[in-house]
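The following blocks contain the structures, represented as structure tokens.
Both complexes below contain chain A, partnered by chain B and then by chain C.
Moving on, here comes the complex of A and B:
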């Protein structure tokens, strides 16, 4: 009798501990200390971006012409630039721009690349050949060069930078998604759905996409970092986001001329970019390890 | 093998046509009239339309594209709007600098990255490994243009060891190639480490150990050769990526290379130069990838044997047909 009780209790316990896939992923993710550091950095950045008006001591475009090019001090934590604007405040507001650009560009890449990749993988044959040839052609141009060329054609600006960076990353998403779709589409539940009368659109969206999510999430989380870096690079050479906007790359570019006497104008925006990319890379790596335990580093 | 090379070269042709179409289309639909750009604001309508006719800008898109391709195939990339010189001359004057820069950077990256990766892998989870893993991730996160500025600040403005700008001799090469090299080295270290880790767990490494081979020889002779295959692929990809990154770094160090030429051309709306530059970069990138694949086949006998087997199969089926 006791044994029966115990087993039922155990069984009940087992049942109450019913865990989803998300829980497993989180348990694996939690074990990775570096990934947690990454999550902390990214969380802090998001908080900073959302609460920018509260965190920043000054407005990002407030010019104090009486205190231009000041070294870091208690009044101006990171110093001021050549127009007397508080660099710390500009960096705080800049996190909004950079994160926004990064996420939107990665979203453009994921959506366009994902759609192309899943169509190519799902339909195969001629459609696959046509799409993948086009992707090959885009891959022949290094991503940065492609982004620069698109940005040159569209003109500078926030929206155009996001489009340029997003499109330049389409090929890598398309390839990842196509590969994932190819492994999923042969499985029985796809056939079952088709037998139930599901059309292609339904199958791709409801059955294939959810099963390809892991590689897409990993690629996208690393893609945000790449996109931020690419956007900052383009702003640095004067193509991306234009100055009054407190974009980190543009700030760096503006501070370049003063590097000899006022290195702080260049130092802090660069550190901000580096910490952001570092955090996102750690997070992306952690997600990859957690989502796909079979994958080794 | 030679058939494989030919096939790959043949495959390059449509890709390069596609690249030229993308770039030409992008540049074609930019608002603004190049003829007006060349002649300036004071030009009369008549002279502008005359120049448009001379440059072939009044023709429809398809005709212009076909003309451009015909030119490119004979080595004529058009005329630069600003200097009035042939674009090809400007491109090929700058190209050697960019290529040299790329090669030195990738050498720096390999010299740092491969040994670091090997050491990390052979002493997994040791102090050195942890340090190198952290540095690797940091190296991947540093924006190269910022690193370049910081190196310039420290080594040329403060210490005065290296010149800050230009690219005229070994002394000038150090800072720019380290700038690009650090990021690339990070990727190479990571790839070398993971690839080595996989290889040193293989049975043949255990066999080598059990027959009493020294650890050094095991690593250099048995493990490294096999571990290098994915690393070579990475190096090829990085080479292309650094061609893109170089555009930015050339700007930082005022290196008279292709990247600087292109960025200047973009700000001057000098589109034939941009088109030519992108085409040349894409072409070099494709050629490098082809070379990497050939090296790949050369160092990995498994891949080489695939072609031999395929060839034999074909021969035998041909014989059967007779």
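Moving on, here comes the complex of A and C:
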């Protein structure tokens, strides 16, 4: 009986039904519990951001000066800040800003850096030297300083913060992608594809990108988290998102002065940042594993 | 019989920090349709480079390659793409020559997709199944990934991919050296069967002399980018004239106890292929080398009918 079971299982493994690659990835992703937790957290955050007006009990800029600096209670789930605003509502609304800034900034970094890195890695020689030396110059300036400089030049605001944070992460992506491209480029299947008539565009799109996806996805999932932090830091020094728009980093820095008497003012925004980053990292790790067919069990 | 491939004075040099590396230097030969030319030589003698230059994966530095009478060198990209349908390659390493993120059917379908051979997806699927059948892969492996399969099956995928566009000429770059012996035989037989059925022409690159004896019609011996001897396989194993060929063939193990083997052991340094000195490249290791060998490069001469050797002193070394 057991043998029969085993053989049927084996036969099932070699599923002859045509299944899409996306389906394969999902099947592998599903088996990873931590990744599902990550997806759950990120999904919850996204839902919260979209449904902010429904979820939040108060408006984010409603000041109740009679109940300032209150500890968490049933009325104010996460307490209130020094101006009497409900922290829970502000965190809910803040998720909109933070996630948006994080994803857009990481996307800018990934696209610009990824394109530069893959061009440098694939074509090599002079193009590689020119691009990578320019990247080196950018790397010589600390990312935060660069972001501040860009933001100072463009002026504060949501869009400019995203651009500034995005550009400051470009060197990191470019390096990671270039390294990945270099290792893939030397493999024989690239030559095989050329022998089959594939041109540069085909090879980059069909062979190099899928094989470089793992490090890019991991870098991007960490990058979203980093961008959220960077945007928060920018708000902290007054160059990022302007009050009264709620932003987790700005909330964190605003509550900084009251940490002794009212630790909840920094605790909850901090936890929100932490959970977001944790969720994104789990999701990124899970995706990396799921995208690699070699880990298929 | 017409020559499918005519190569004249083909050269491929690589720029290195220490100078020009002469990977393939002045190689000329004809290859008739339906035949197999074996290319043998030690590691780094330019065998693989030669194969890649022939199918235009590398650009030749100088020389001419005529494929069915058309000069391949200097062709435009579009023309080369058209030509690639007829020239394919089977790689040595079945582990790195298949994209790990593509399933078996996707790999085999790739050339078909690029050249838009099939009009519909159903036709494509049919053609892929047909190819898998030809090379002896069961249908259920279509959605498997290369890493799930063993070396022999992977090499079959490589062969199926090479066959997809119905090529006339296939460069086989040590296709069996990464496989174990029993699988080697299977793959070699498969390749021979395919040759018979489809009239394929092979350039068979290898360092395994037993394999080359089995599969080739003609053999070309290379040493540091130069062709040193070329003739019919049977003739070469019977009579060979170049000192390097003699040494190479004496290294074939004889599976018989009690036979006294006379191996020719080469001494001396292998001369560098980077900016080579004038003269015979084998001179530094040749026991017969004289002064002339260090100053003048020997040209390939037809010593016997259809038997070419590049050595100044063939006549004095051998009894012709």
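By definition in this document, the second predicted complex is superposed on the first by the 216 of 297 C-alpha atoms of A that agree within 3 Å, B and C clash if a C-alpha of one lies under 4 Å from a C-alpha of the other, contacts with A are read in each partner's own complex, and residues count from 1 in each chain.
The definition used in the following text is that a residue touches a chain if its C-beta (ideal position, glycine included) is under 8 Å from a C-beta of that chain, and two chains touch if they have at least 3 such contacts.
What you are looking at is a predicted structure, and each value in this text was computed from that prediction instead of being measured.
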item: First, second, both or neither for A:111, with chain B first and chain C second; value: neither
item: Touching partner for A:141 - first (chain B), second (chain C), both, neither; value: first
item: Partner chain(s) touched by A:149 [first = chain B, second = chain C, both, neither]; value: first
item: Contacts of A:127 with chain B and chain C, given as first, second, both or neither; value: neither
item: Which of chain B and chain C A:159 touches, first, second, both or neither; value: neither
item: Residue contacts on chain A - larger count, chain B or chain C; value: B
item: First, second, both or neither for A:237, with chain B first and chain C second; value: first
item: Which of chain B and chain C A:229 touches, first, second, both or neither; value: first
item: First (chain B), second (chain C), both or neither touched by A:47; value: neither
item: Chain B/chain C common contact set on chain A; value: 296
item: Partner chain A, residues of chain C touching it in the complex; value: 52, 55, 57, 81, 84-85, 87-89, 91-93, 96-101, 110-111, 114-115, 139-145, 147-148, 158, 161, 164-165
item: Touch list for chain A against partner chain C, complex; value: 11, 14-19, 187-189, 191-199, 202, 206-207, 210-211, 293-294, 296
item: Partner chain B, residues of chain A touching it in the complex; value: 34, 133-134, 136-138, 140-145, 148-150, 152-153, 225, 229, 232-233, 236-239, 249, 252, 256, 259-260, 263, 266-267, 269-270, 273-275, 277-278, 281-282, 285, 296-297
item: Of chain B, residues touching chain A in the complex; value: 14-16, 18-19, 22-23, 26-27, 29-30, 137-138, 140-147, 149-150, 152-153, 157, 190, 193-194, 197-198, 240-241, 243-245, 247-248, 251, 262-263, 266-267, 274, 278, 281-282, 285-286
